[in-house]
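There's a structure below that I have some questions on.
Letters A, B and C name the chains as they come in the text, with residue numbers starting at 1 for each one.
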Amino acid sequence: MNEPSGRRIHLEIHNLRFKRGERPIFEGLSCIFPRGKISVVLGASGEGKSTLLRMIACLSKPDSGEIWVDGETELTCMPERQAKYFRRSIGMMFQRGALLDSLPVFDNLALPLREHTSKSEAEIAAEIRSCFEAVGLHDVDELLPGELSGGMMRRAALARALILKPEILLCDEPFSGLDPRTVRLVESVLLEINERLGITMIITSHHIASTLRMAAWTVLLTERTALSGYPDELYKSDDRRIKRFFAEDGDLPT
Amino acid sequence: MNATPIQKLGGWVVRTVVELGRFTVFSLQVVSISRRLPQRLRRLMDELYNIGVLSLGIVCVSGAAVGMVLGLQGYNTLIRFGAEESLGAVVGLSLIRELGPVLTALLVTGRAGSAIAAEISSMVATQQLDGLRMMSIDPLDLVIAPKSLAMIIAMPLLSGLFIVLGLFGGYVVGVLLLGIDAGNYLTSLESAIHFGSDVMGSLIKSLAFGVLVALIATYRGFTAEPHSAGVSAATTSTVVIASVSTLIADYFITALWGV
Amino acid sequence: MSQSPVRDLLVGIFVLVGLAAIAYLSVSLGGTSYRGPGGLELVVRFDQVGGLKARSRVVVGGVQVGHVTAIALDEDLRAEVAFEVDAGLRLPLDTSASILTAGVLGDQYVELEPGGEEQHLQSGDEIQFTQSALILERLVGKLVQNLGVDSEE
């Protein structure tokens, strides 16, 4: 498979091995993620898409292997203190939102700003306003996360992931459980964010259709390893494993 | 693989010791992170409301009820020796030394301890704690420490209220219903209670119980499995472990303090 | 993050009421109030202290003024009771001390009866006039003896 040229690689995953109890999840998984583009990680359930994302976010560590950022920083050997600081440059949009359900949406977004910056309340409100605009949310300030609809909740989670202006945005299954119309809505928001801010985005998904619409690069997790390439290359590939994955999915574009 | 009973027992012992080790590490981390609590006053106030104010109902009603029962039972026993005028002393000593701190701790475990475990474990299950970590906020700092400190503050206060209401319950039964002289009730109460041995010991007990329940509830919540069965397991095990630990600790404190 | 100020008020009330309950238990019942530093320390020797123990009350005219701090045997095998009373108390040199029992089955305490001397006891002085504790069993024994003697006469 062709790969993007060297200086445009943002993340390099090298030979990850990971076992959950007795069950092996990754056996020698390697792939790269290009800078400033949307990459989609595909795979059947249980293949480890969320686990890979957690490792990039420094929330879990593999048994062995390396994750390189810009060829300089290695994540798996990072001490917790440094990892804590590093996570500020990564924004994560969780599958079920993961906003604190005891706080209204406004305070959820304000929390990282109040903790880590010395901005005034007025500045914080302005930042939150612009994040809401970027994701297309209005009038949700006082609502509790439990009161949001599925699409609104995803967008609020996205807004929170963006509030600290991260360099890498990780989205864990942003389309799961949404109706087709809302899927398109979230898709367009993500595309617009990528265009406007140019940040590296890594999305995990089952949705092949939206993947082909959005992705500049795809990584398929299968048989405890990864196969990567440009989306249309991957889709037309003759590799038996790739063909089997695409054949099993019912959501194929016509 | 069929393990012999000895192997199973050995395995259980090892697991329990490991768990105790993890619990100790967790507790030390919570203590260490507590230095940041001055910045968490808002959350501390909220937690004091959830744990303290909302437990007032059950603690006060139970205190009065227990006091009334002590009044009745005490009277029935003392009257056989003609010593019924010492009812104040009996009710007071029982409440202050044992029933106040222990029963308050059990009630608070059931009401607030289980709520804490349930809330924290469901935050684990819905990835809210991971969300905090992604924002470089330590869940121990924002969530666990305020809840723990609120419990430690609330426990002696609630215990004191339980005892005072119990004394009142004993007064209602003994003086108003059974005809003991009010003055005698109060003087026998006052002469029997010493600050150093009785009241101080009672406060130390309720503080110790507060620490135990706080750490057990937050630990079980924090280490819960991230699904609904995990939430329920965390909640029930909190109530069981915290209650038993309270009773065992009660023995040791009583023996050591001489209360 | 504006949770209702009513909640904060309730928390404040809760803490105040709780502290008040603890204060009542400590001071009013536990008797911590008179425990200030620098009390008047006195000593008295008895042949028999009965059930008197450390922290037993010391009383003047029915009012508690202090407590027993220590009880020990001296070289003559008499019981030496050390106690502490309020610092400002002016007890004449010929004050007497007796050990009484509160009620029939109650605790024992030291009752001080002031004398008429002009000069007052200082810290470290010993009270000279005493009446030892009455042991209930011996009284009953004496009573039984006397009854026996009377019936014989």
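Everything below uses one rule, namely that a contact is a pair of C-beta atoms (placed from the backbone, for glycine too) under 8 Å apart; a residue touches a chain by one contact, two chains touch by 3 or more.
Keep in mind that what you see is a predicted model, and the values were worked out from it rather than measured.
Chemist: In terms of Cα-based centroids, which chain occupies the most central position?
Modeler: B
Chemist: Give me the two chains with the most inter-chain contact pairs.
Modeler: Looking across every pairing, the one with the most contacts is B-C.
Chemist: How far is the middle of chain A from the middle of chain B, if each middle is the mean of its Cα atoms, in Å?
Modeler: The computed centroid separation for chain A versus chain B comes out at 43 Å.
Chemist: Counting only Cα atoms for the centres, state how far chain A is from chain C in Å.
Modeler: Centres of chain A and chain C (C-alpha means) sit 76 Å apart.
Chemist: Using mean C-alpha positions as chain centres, tell me how far chain B is from chain C in Å, no decimals.
Modeler: Averaging C-alpha atoms per chain gives centres 35 Å apart.
Chemist: What parts of chain C, by residue number, touch at least two of the other chains?
Modeler: 1
Chemist: Provide the residue numbers of chain A that touch chain B in the complex, in ascending order.
Modeler: Against chain B, chain A makes touches at 54, 57, 59, 84-85, 87-88, 90-92, 94-101, 111-112, 115-116, 160-161, 164.
Chemist: Report the residues of chain B in contact with chain C in the complex, numbered from low to high.
Modeler: Listed in rising order, the residues are 42, 45-46, 48-49, 52-53, 56, 81, 83, 85-86, 92, 96, 153-154, 156-158, 160-161, 163-164, 189-191, 193-199, 202-203.
Chemist: Can you name the residues of chain B that touch chain A in the complex?
Modeler: 123, 126-128, 130-138
Chemist: Can you tell me which positions in chain C touch chain B when the two form their complex?
Modeler: 1, 3, 7-8, 10-11, 14-15, 17-19, 21-22, 24-32, 35, 55, 57, 102-103, 105-107
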